Structures are given as structure tokens and as C-alpha cells.
Amino acid sequence: MVATTELIYQRPESFTDVHTHYCPGCTHGVAHRLIAEVLDEMGLRENTIGVAPVGCSVFAYRYFKMDFVEAAHGRAPAMATGIKRVLPNNTVFTYQGDGDLASIGMAEIMHAAARGENISVIFINNAIYGMTGGQMAPTTLPGMKTTSSPLGRDVELAGYPIRMSEIISNLDGAGYVVRRSLHNPANIRKAKKAIRLAFETQQRGLGFSMVELLSSCPTNWKLSAQEALDFIAEKMVPVFPLGDYKVHPTLESLKV
Amino acid sequence: MEETSIIISGFGGQGTLFAGQVLAYASMEHGLEVTWIPSYGPEMRGGTAHCTVIVSEEPIGSPLVRNPDVVLALNLPSVDKYEDIIKENGVLVANSSLFNRQITRQEINSLLIPANKIAEEIGMSRLGNMIMVGAMLAMKPILPLDVVKKSLEEHIPERHK
Amino acid sequence: MAVTGWIVVDDLYCKGCGLCIEACPQEVLVLDKERLTPKGYHPAKMTQETCTGCGICAVVCPDAAITVYREKPEKVARR
Amino acid sequence: MAKELLKGNHAFAEAAIRAGVEAFYGYPITPSTEFLEYMSARLPELGRAFVQAESEVSAINMVYGAACTGKRVMTASSSPGISLMMEGISYIAGTEVPAVVVNVMRGGPGLGNIAPSQGDYYQMIKGGGHGDYFPIVLAPASVQEAIDYISLAFDLADKYRALVHVVVDGNMGQMMEPAELPPLREIPDKVPDWAVSGAKDRDPNILTSIYIDPVDEEVTNLRLLKRWKEIEKNEVIYKEYEVEDAEVLVIGFGTAGRVASSAVREAREAGIKAGLLRPITLAPFPADRLRELADRVKRILVVEMNSGMMLDDVLRLVKGKVPVEFYGRMGGMTPLPDEIYGEIRRVAENKGPGAQDPREDWIPRLEKVIAGEK
Amino acid sequence: MAKELLKGNHAFAEAAIRAGVEAFYGYPITPSTEFLEYMSARLPELGRAFVQAESEVSAINMVYGAACTGKRVMTASSSPGISLMMEGISYIAGTEVPAVVVNVMRGGPGLGNIAPSQGDYYQMIKGGGHGDYFPIVLAPASVQEAIDYISLAFDLADKYRALVHVVVDGNMGQMMEPAELPPLREIPDKVPDWAVSGAKDRDPNILTSIYIDPVDEEVTNLRLLKRWKEIEKNEVIYKEYEVEDAEVLVIGFGTAGRVASSAVREAREAGIKAGLLRPITLAPFPADRLRELADRVKRILVVEMNSGMMLDDVLRLVKGKVPVEFYGRMGGMTPLPDEIYGEIRRVAENKGPGAQDPREDWIPRLEKVIAGEK
Amino acid sequence: MVATTELIYQRPESFTDVHTHYCPGCTHGVAHRLIAEVLDEMGLRENTIGVAPVGCSVFAYRYFKMDFVEAAHGRAPAMATGIKRVLPNNTVFTYQGDGDLASIGMAEIMHAAARGENISVIFINNAIYGMTGGQMAPTTLPGMKTTSSPLGRDVELAGYPIRMSEIISNLDGAGYVVRRSLHNPANIRKAKKAIRLAFETQQRGLGFSMVELLSSCPTNWKLSAQEALDFIAEKMVPVFPLGDYKVHPTLESLKV
Amino acid sequence: MAVTGWIVVDDLYCKGCGLCIEACPQEVLVLDKERLTPKGYHPAKMTQETCTGCGICAVVCPDAAITVYREKPEKVARR
Amino acid sequence: MEETSIIISGFGGQGTLFAGQVLAYASMEHGLEVTWIPSYGPEMRGGTAHCTVIVSEEPIGSPLVRNPDVVLALNLPSVDKYEDIIKENGVLVANSSLFNRQITRQEINSLLIPANKIAEEIGMSRLGNMIMVGAMLAMKPILPLDVVKKSLEEHIPERHK
């Protein structure tokens, strides 16, 4: 009897060979990996144009082996619209944090969805502003301490967390809007499937697609990488329920 | 005493910025002019953090300097980065706990001390940075040691006590 | 005979975050305290032979640092 | 083609279409709205991109996106809308992608009014956005010029991977004049090698304005500056009337310059040796030409529809060689030929040294004018 | 009070609190974020208003609202964030309500980087917003100066119902220096008669920037301009070093000016008759003082952390009386004393006429410097 | 037997004596009147600060006898926030059109609601940009002709109408969010009641309140005043269902 | 005895939009084609006595141009 | 013929802007330089709308004028507004259908015609504006009538035919 060696997993094609600047254990990296894997599987790398945000993922373009542009803070959906309208046959996606998408970029994301722009949005919800050093985000949990809510978010003064997936699912232009989490293997697998469906939505011209991903920020949460994942499971999921908020009928039939 | 420029450099977690602040507080207490300026930006970028401290009897113009009088290098990258730009006859104190190479420049006064090791021995593993400061003051007494000690005690974060 | 697998951790990418270690159902991973990567991290490494090649470590790795292999027994085709 | 009677905003829009604009992203605002309305009808029928954005902030970032594909793209707005574009404009400049922005200026500051103005000169020329960047700024003074220079704007944008502003005032956007449109240009199907289009059979193209290491940013700033010096050498445009033997040199752009030409004609008829320099490129400014003229003329009168903005550039270049005087109307008021003619007469007779700041003499004069009009 | 070792951004924020700021509305951005963070801790405990707005656009409009109540209000941001405020800033100016805006400048254009810069000079001084308005602009060069001039900023804002910008660069925001804070001021409980507070026992107060009839807008523009002329007369501030017998006059503001002071000292030690003029009010610019000095010195060297912006104002005022040279670092680079000292030496020896545009000689010199630093 | 004269209705106290610039039959006027009546009834005139938008109602401050400020286009909620935070005891309301609130002002309205700002928003939904001459609004009906959708709104290119009340009701900071219409006496009465409740919400510090009013634009719809009201009833109500989308429990008990 | 009412239309405000005319359940209102208001509109006016003073016209008037009165019978109080 | 400046002014619905355009088209057809500029802004503001037409053989500098050669006043407010500023010996044509007062200025050539009435009589009630133009041309023949007629026919909106 001979034995053959099977390659179970290797680094995706759509990645460059660059060491990322993300903090150890930050699940921005997982989100990146899933996007790269999906684009590999769909064979879209050479057709794709990514739009990087301003946020910790500002350098995303260093890590993906594909054309990329760098948007102004919050404006990625507008920039993606500008691109997609003149290059309708390209795959265009934005990658945005919660400050970028839900705070300064609220108008742009809402209207991109309302217009039914055929773009895919990967929305990283880590309940905080990572890049600038841990200020409050619109998604920050009530009572959560940040550098701009030092006593914990006081909902009376600073308001309540915004649930973007629920809100955007109200817009008729949206074809696929779901929330997933990156805190363990099972959820990571579900997240990947969702990202696949988002790009399938775009491929089929079914309108705007967004995958909201609950993601960790060990550094600004001041937790270890693993503790941060537990924080997602225990603290974030209850406030941001995982689930499908809008799924275009055509997609339901789809097997991926 | 005329203007003395000091750069303290090391990994993010090594307390380089704090060491500089202790010097700055001490200088102020001692009635000197002083500026402290960090390398700033999102910590998460990792890599080395450094700060520049300028101590003087006169009002300080530039808070930045090209060729520092003194460099405290808490890790190897810092030694590599600063060894060549130290002023002639300047001082280099390097933390030999994190590397083992010789200092090539001869005309500067260099001192290698195993700061981490010493700090652990005296049971204050977090204070490697201050060990370096102490060593520096021994070589270049710009401030009395007790003044620095005092400002350390006053400003050290609770959790480090 | 049990299917066996193994992984290769790429020093260029690994940041020693330890998530793979927590995730591995076989508990065959640890951080290598002896070694530092070029970026100054203690990378993950395998300690035992009981890796099944399930790939879970790779699923959780934020830095795509892990390559997973599995050995599969197989009949020799008759001439 | 024969001349047609064209409304400014419509003509500008059609000129852009003829020049091969492939996308218009904008937001309505008086007095530039007809520009957007015209595009909303024409572009879809040509299979080109039109989006009424949710705001000017979004519009300029859509422009930014399309500019990164190397296609010809533009927006048009008016003063407050332009202010909202300042961040995006700075990004476009920093990323070195070509785009054309039309500002049909109105009275300000703030909400102000919808009447014609030139009060955005600083904003458009000196860079209302953050950081060191250098937009090319064209200021046509008739519907025909606007048609011609909007085409040029796209060529310059592509040639220098630059941001080009076309500034007109509300009068220009609203008036009708006979003018001739160029034929519809072929849209080139080759993509510039720097543009994003999908990294097929080539390395990825990255378009960004971030240079986290100051050393790299400085090199970029220097590249932009040197390119600007090139532009200053190559692209200066201006019109002149009767400057040969002029003793009083009037300087004005856009409508103010155009109205001034009537006044200069009147002055000549009255035997006053007046001449007009009308910059068409406000940036690059016709600096060399102005320096030459400053050596010849006796006095300079700057006429603007603002509080004296181009005036600063004139003062900087004239270096006190001859007295410089100023006459401006503000807040949406357009000076009329008789006013400017009166100013020319006054200046022709004035032998005084001229104030350090010409606006100091002008303020009381304007107060009289306003009182008189009441 | 005794001196404390204070971090720039924290000191600025505390200074505003001591000066009686009742509301801070802002959005995080490096290198000004600590300003907002400090306010988020201090204001609520004082029972004053703090809101982390959803964007800078929103923040400046919150400031606009609070300004209409006559209370002391401010925001702080950095370059790209300031660009987003341009419409709101123009509205505040047009409505003639007092407000203070701090810009901790960083490298640009576009996203650029977070390193210290002075590349927003044009934007802050010439008005990056639309229309004719005239902000007061203060440029402190030390933590102590920043503390002092932030208090002054509020007083000037109230005195003239004006918009006051305080511009510093990233160095200033991040550095620590010993400085003394003033005592906490009483907050006056009387409301200005123009402010909105509810029309009880009086006619309604209306605060708006719309003047739909150009005649009214022009009168408003004139009022703003005349007020500005007042400000130019009353509020000029600058610092000087060794200008009495200076032959080489160095002009720089903020960090560039401060670094230059070291270079000037060095030059004096080397026997070069150098002096420094450091404007603290960039607007109103110390024009008269510069004109006087221009009559005395042999040569002028302008030093900035940009591509030569204040340079234009200097050229306009010097009117070619003496050659003006320029040395700048861009993109987040801070010039060091030895560089500027070298420039002073060079300028002291240079007998040439100086280029029409001093930047032309500077570009190749800077290229050498950059090559050397590599 | 003598008879006494009873005054059934007269022009509200909170109005000035100024003839409005609105087109004949435009229900902006009705909305104004209802606000004035409510402020009269609640005795709030002298305590109120209004925030006028950029839109046809830009001159609202001429018609209300109270302190007023004029906001930048879309930013009224931010301006109102700035005021309310320093004058918490004053009554602060914004009056905004659909271009102002739902297009350029999307981020500001969403975040004012998310923060639970104690302000009241009167939102005039007339499905078009009135002031600038009839361009498409985010609320323009599918197929509806406007000067910027000359062939009728093509949902494929220009997207779908946005239903703001439904969306904002998803935000935890919102205390009272309803949609009413101004097309006939019965609905006008209901609208007034809603406006009353919005101000009651603010009085009681129950958070953000918004009344969306379906309103007519005879001029740009190119209909007579009465036809325009019929258009609301027949065409707009089906797309923008009238109803209560969020009502704070405390209010339900309230009798007004 | 039937309650009767009447309205007064203020020329300063009325724009002759006609909404009150459509709304009036008693159909007692018309536009006065004889007269022009200072702003150049034909204002609304009452034509018959059958107004009940219900106030519906005032409810729909966009310009608050209408004042509504009603006459109410009442016993004379005894001395 | 030297430059002629014409202002046409009336209520929103009276077709003042269109009348000016007809003159502009005609001038162009006739090989003259011409500019047409309206009072712009949201129609809804109501009140009077006016436009300025300048006709000339030379390139036109200012599209605006302070003292017009000719004024067509389609309503009373327009007469009130422009009567005083018409150039000496200028022409005022006023629509007497909408008012009955005398023209006070004597040294200008004024003509009162009941344009609405005439237009209704000839069954083209919407063309009161053109009646005025015709009358103006009779007094100041800057363009041949047939050229203007032609441009009217070419540019009149379908719905008005």
C-alpha cells in the first residue's frame, strides 16, 4: 500500500505575500481570507476591483492580489458606485468598518442600497474605531468603555447601537443582507458562505449585497485574541443577532 | 549646561514613551526647559516606538533633532537605526538583553547593559526602561538621580507598582 | 489505519496569536517559545502526530499562515 | 456645424458629451441644475452613466471612483455644493486621477443666494481642500468659450492626470447665445495603464492618496509641484483687447471681464487709452504676460464679482511697479458697463500712489454706488 | 498656578474649558483625536455638552447650531476632516455667529498621512469655503502659546461675531511641554441679544445666511469686509527674534517658525545677522510690520511645512523690495534646525536677484536634501 | 332670545402676518398651520426654536412668530442637536423636505434618531425637489416623471423610493415615528394630533420624534391644487402607508 | 332653529387655490372672479347662507386665510 | 445698426421669457449677434419674470443693461419698475389690458396696447406676448417682421399651436 498526500488547505491565490499590519488575532485577517477564498473559487480575481476604506483595513489593497482603490472615510459605496456604473462587467466590492459605514458613511451606504447598486459590501462590525485608537462607534455596546466614552457608552447622551443589517433590509434595492460572525470555525464557515452569496448576488445583477461580520479588536477591547472572540459570542451577538435579513428569492434556490 | 537631546527607542510595549516622560517631568521639577515628543500614530501599526526629549536651560526651539546627544536603544532595530546618527562624542545606551552585537562606532560613548535581566533580578521586570535611564544618567548627569527617582514614583501607573 | 495529517506554519505570516491552538480539536498545537519569527513573534507549531488534517486551524487563522496536508491510504492499481 | 442658440448650462453639458464624458454624477443646485437635468436626459440615451447622487459629497466620490477607471467623468455644482466636495477634490488631486469639476458660482457665503458671483475664486484657485495640490482652473466668458474650454478641460485632465475646474457664474449658466458645438468625439476604448479595470494579465493597479511615510508623501508633493510648474509653462491662456498702447490696464475674468470689454470699448471711444487682460486660465495665471504689461501701462484696474481675490494675485505679480486699483461687486451683483467705464475714467485721471490695499479706497466708492442704486 | 507638563491636545482642550467653552462637537481623527477624547471625559463631568458626531459635516453643523445660541462652542479636527467642514464654516461666517475651529494639520492632500504639516494654510486663511468671508487665524508655536491663544480665540470670536481658526501641526498636538493653565472662567449667564433662546418678551431672533436679494447680500458682504478691516487694524499679533539689525529676515509660523528660531540663534552665534518674524495671527497677517522690515533687511527667507503658501502673502506685501527666498518641507516632514541654518547661510551669501517664483530655486535644493536623507 | 357669536377658528398666534411664498394650494402651508396651532395649544411659542431647512420652506422663519435658525441643506438635525444640547429646556424642532432629510441629510437624521436627541422633526414628503424646480427625490415614485428623471424614475438606474418612517423606527433612540397625510380634512386632523404627540414626546424627554407628512407639490407635479391632493391619496399612500411606526409606551396612555 | 355660521377670508393671505371650495360640505364657497387680491389672486368668498360654521374650510386652507364664526342661540339670563 | 437692448417683463405665466427667445432666435437667423438672459430662480417664487435681450452687429460685451433701449411691459408692476430707467428716446410698449394708467415720462416713445384683448380676438389668447413684440417692431424695426414670424413658428411649443 502506498499513500498519497492531499492538500487540505493553502493560502488563497487572491492574496499577495505580504505580512499584514493587523494586530495578532484580529479577525480583519479572517474576513480578508474568506473574501480571497471566495474570489478564488469563483475565479473572479482578475475581474475584481476592491474599494478599501479608511480604517484599520486602509491597507487592504496591499494584501489582495487585484486592482484596488482607496476611498475617503465613509465614501467607499459612492466610489464603488462611480466605478461600477462605468465598468458594469467588473466585480466591485467595498470593505468597510463600522465607523466608516455606519457613522460617517451612513448616507452613502443607505443610498447605494436604495439604488440597488450591483456592488458587494463586506461590513466589519467590531463595535469600535480601531485605527484611531479605540473611540466609540455607532455599534459600540451600551456601557462599553472606549477612549471617547471613558465611563462606558451612556445611551442617554451617546445614543444606542445601530443595527445596520436590519435597517438596510428595509431598502427595496437590497438583494442580500445578512449578519454573520467570525468568532469560531462554525460561524467562520457560515460567514464564507454568505460572502459567496453576496458575490453571486452581484454576478446575477440582483442588486445591492452586504455581509455584516461581527469581528474582534483585541487591541482596543484590551483582551487577548481568544477572549476577544468570546466577547463577540457573549456580548455582541445578543445585541447584533446573526441571521438573514434580506435574501433575494433567486438566491434561496442557489446551491453553493 | 547647554541643550541636551535624548532619543529613547524600543518595541511598543517597552515603555519608551513613559521613560521619556519621566525625564521630562524630572527636568521640569528641576527647573529646566524641556520638550517631549513621541512618534505618534495608531499603536497597532506595531514596530518601534520612540520619543525625543530635549532638556535645556534656555527656551527650546526645535523639539526635534537630527543628531541626538544621547540615545537609549531598548532593542536591536533601535540600535541599528540610531547608532550612526548620534552626535560625535554622544552617548548610546543599549539593552543587551535583546541582542548580542558590538557597537561599531568608536568615538561615541556606548554602554551595553542587560536591562531586562537586571530588571527581573530586582523583581521589577517592567522597569527595564528605567534601568536604562539610570545608566544614562550615570554617564551623562544632566539631572540628579533622586529628582528622576521622585518623578518616577509620582508618575508610574498604579498597575506597575 | 487512522488518517493522519500535518500542518506547516509560515513564519512570514504567523503572529503567534494562538487562535489555532485554541481551535485545534486534537490539541496538537503550541506556540514555539524557542523561536522568534522575523517580525518578532513566537510562531505556532505542532507537538504531536495526532493531527487529523481537519483544517480547523486554517479556518481560524487570521493570517492565512497555515497550510494543511493529509495522508490518505490508497490501493495500488493492478496492471 | 452651424451656430445654434444655446442656453449656457445645456451647452456646457452637451460640450462635455461631445468631448466624450462617460459619466456624470451630481446633485441639483441653482444655478447649475439645468446641467444635471440635461445630463439626466442625454446620457442614458447614449448608454453612458448618470447618477443623481444623494449629495455633493457622494457625487464627488463617485467621480473619484470613475476617475480611477481612466474614463472621462465630471460633476457640476454651485458654491455650497462645491464646498461639500473639498475633501473628495483633495483625494482626487492626491491620487493623481483626471476629473473635471464645473462650478456655476452664486452669491455667498453660506446659503447666500442664487445670483451670479465670482466669490469662490480662492476656493477654486488656491485649493479649498486640505494639503498641497494645484488644480487647473478655466474661466470662460461666453457660451462659445465655455463649449471650447470644457473640451480642453478634459484633454488637460487626461494629459496631466490632473483635476480641472471650470468656473463660470450664474449669468453664464443661464444665458442663451449663438454658439457652435463640436462633433461628437469617438470614445477611445484603450484603458490608461494606470487605471483600475481588473488585474488581468498584469500586476494589480492600486490607486490611493495615502503615503503613510512622510518621505513618500513629500516625494509625491514634489511630483505634483513639478507637474504644476510644467503646466504653468505650457497651458496659460488669456484674451486681450487694445492692450498694445494701453495706459490703463483693466483685468477681469468671466462675466466681469466680458462686461469690462464693453467699458473698454466705450473708454476708447472717449479717447481713453484703456486695454483689457482677461485671463482664461486663472490657474495657471498669465503671470509672465501680466509682468510684461505692468512694465508698460500706467495703472491697473482689477474688476471682479467678489471682494478682491484675483486682486491678490495681481498685486503679488505687479510687485508695486504701477498702482493697482480695484472695483468689485459682491453678493450676486453684476457690474454694468457704465460702472466700469466710470472707474476707468477715474483711474485714468488718478495720479495718486494708490493704497497699500486697493480695497481700502474701493469700499467707500462702492458704498456710494449702493446708496445711488437704492 | 504652577507649570505642569502638558500634552498639546490635552492642554488645548483644557484651555478651551477654562475659557468657558460650553459645547464640543467633533469626530475623531489623528493627530487631533486626544482633543476629542479629553473633552469626552471632562465636559460631561462639568455638565457641559459633548457629542461625538457621526462626521465632521455633522460636527460643524452642531457647532453652527450652538453658535446661534451665543454660547462658546468649538470643534477640533485635522486636515481631511476640516475639508468636510467647509460648507458649514461658510454658513457660520455668513450668519455672523462666533465659533472656534482648531485644525491640527497633517500631511496631504487626500488621505495623505498623520504626520505634522502646514499644508492647509490656503484652506484656513484664504477661505476653503465658498463666498467672501474672512476667518481670524491664530498659529501658536508652543503648548503655552496654544493655551493663551485658544482663550483669545474665544474672546475674538465673541468680540467680532467671527469665525476663529486655531492652526497647529501634528507636532504641537502630540508634544509635551511645561505650561501654565489659566483659572477656570465663570460662564456668563447673560445671552447676547442676537442669539436664539426662545422669543419671550421680545421679537423673534432669526439667524440665517440667506440673502436672496443680491442687494442685501452685497450689504452683508460689505459689512463682513469692513469688520475685517477693523480686525486687521486691531488684532495683529506676531513674535520677533533679533530683527533689530537683521540682514536676513526669516519668516515662519508655528513649528516651522519655532524650529527657525533655533537656526537663527545658531546663525547669530556664527556671526550672521539673521532675525525671525513669526506671525501668530496668520490672518490678519502682520502686513505693516513686514513692510517696515522689508525696507530694512537685505533678504528674506520664508520657511514653511508646505509648498510655499504664506510665501505668496509675503511676496504680495514685500512688492519686490528685497529678494524673497523659500525653504519648505512637505508631506509631514518637519525641517530641522541645521537645514534652516544651512539655508540662512546660503541666503546670507546669495547676492543674486532671486527668481520670480522663489519655489523654482528651491525645488532642486529640496531634491538634493531628499536624496541626501535617503 | 339673543344669540352669541362663537369664534370657531382663527389664524394661530404663532404665525406672523406675512403672506407665504408657497404656491397656491401647496400643503406646506397646512403643515405650517398645524405646527403653529399645536405650539399655541401647548403654549410653547416663546420657548421654541425652529430650524428651517434648505428647500421651499427655506423661509419658514418668516411665517412663524418665534426664534428660528436656517440650516445648511440636510443638516437641520445636526444644527438642532447643537442647539438642544446647550438649551435642553427649549423646544427645538426641524422642518425638512424629503430631499433635505432623506437624500443629503440621511446621515444626520439617522444619527439624531439613534442618539435619541430630544428634538421633533416635521418631515414633508412631497416626492420631489420643489425649490430647485422638480428634480427626483429619494421618495419619488417609480415611473414618476421629474426634471431629472424625464422618462419617469427608472428603478433599475435610479433606485427605489425610501420609506424613512419605517427605517427610523428601527433606531432605539426614536420615541415617536409616524406617517400621516395632508390630503383631506380627516387626515389633516390626524396629522395635527401626531404633531402634538411629537412635541409631547420632546416635552417628556422620551427621545427623538418625527412626523412624516405626505404633502403636495401642485407646481412640480403639474397638477391643480385639488388634483394634487387626489394624487397623494391614490398614488402616494399606497407606496408610503400611513400609520404609527414607533410609539413610546408612555405616549399610548396619553390623551390629547 | 338651525345653527348658522359664516367665514371671513383674508385677502392678504388667500391665494385662490380653491381647496376650501372643494372641501366645503355645504358647497357655499366660490372664487370671486370679480376681485383680485393685492397679490393678484381671485379670493374665495361665501355665496349662500347655509354655512354651518363647521370649519372644514379652515382645516384645509394652506394659508390660514379663513376665520370661522358660528351663531349660537342662548337663553337670556334672569335678573 | 448699433447695439439695441430690450427688456421684456411680466407675470410668470405671460410668456415673457419665450417672447425674448423668439427675438433671440430671429436675430441669430438674421445674422446678428445676440444674448438672452432671464431673471432666474425657482419659478414658484411667483411675482414677475423678465429677460434681457441684446441685439448687435458687433460681439456683445455685457449681456445686462442698466438703461434699456426698449421695454415690453406685460403688466403694471413692470411698467412701474421700468418706466423710469428706459434710455432717453427709448421705447416702452405696455399691455393696457392689465392696467389703466398713463405713462408719465414724455421724452420716451410709449405705446399702450390691449395685448390680451387683441390676442383673444384673433383667437390666440396665449400670444399676448407676441402681439407686444409685433407692436415693438413696428416702432423700432430692428428685425424684419417675417424673420420674427418664422422663428415664432419654429419655436412655439406644440401645446400652444
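In this document, chain identifiers A, B, C, D, E, F, G and H correspond to the written order of the chains, with residue numbering beginning at 1 in each.
Basically, a contact is a pair of C-beta atoms (placed from the backbone, for glycine too) under 8 Å apart; a residue touches a chain by one contact, two chains touch by 3 or more.
Only a predicted model underlies this, so the values are computations on that prediction, with no experimental measurement involved.
Chemist: Both chain A and chain D are touched by which chains?
Modeler: E, F
Chemist: If you average the Cα atoms per chain, which one ends up farthest from chain E?
Modeler: G
Chemist: List the centre-to-centre spacing of chain E and chain F in whole Å, with centres computed as mean CA coordinates.
Modeler: 41
Chemist: Rounded to the nearest whole Å, what is the centre-to-centre distance of chain A and chain G, using the mean of the C-alpha atoms as each centre?
Modeler: Their C-alpha centroids are separated by 61 Å.
Chemist: So which stretches of chain C touch two or more other chains?
Modeler: 39
Chemist: What are the residues of chain H that contact at least two other chains?
Modeler: In chain H, the residues touching two or more other chains are 42.
Chemist: Got the chain A residues that touch at least 2 other chains?
Modeler: Residues 22-23, 58, 70, 72, 103-104, 106-107, 110-111, 115, 132-133, 138, 158 of chain A each touch two or more of the other chains.
Chemist: For chain D, which residues are in contact with chain A within the complex?
Modeler: 22-23, 25, 49, 51, 53-55, 57-59, 61-69, 71, 73, 87-88, 91, 95, 196-201, 204-210
Chemist: Name, in rising order, each residue of chain A that touches chain D in their complex.
Modeler: Those residues of chain A that touch chain D are 45-49, 51-52, 58, 61, 64-72, 75, 78-83, 85-87, 90, 107-108, 110-111, 115.
Chemist: Spell out the part of chain D that touches chain E in their complex, as residue ranges.
Modeler: Per the touch definition, chain D meets chain E at residues 57, 79-80, 82-84, 86-87, 90-95, 105, 107-115, 117, 119-120, 122-123, 126-133, 208-222, 225-226, 229, 287, 291, 306-307, 309, 312, 315-316, 319-321, 329-333, 356, 359-360, 363, 366-367, 370, 373-374.
Chemist: What residues on chain A touch chain C, complex-wise?
Modeler: 1-12, 15, 17, 19-20, 22-30, 32-33, 36, 184-185, 188-189, 224-226, 229
Chemist: Name, in rising order, each residue of chain G that touches chain F in their complex.
Modeler: 5, 10, 12-13, 15-19, 22-23, 39, 41, 53-56, 58-76
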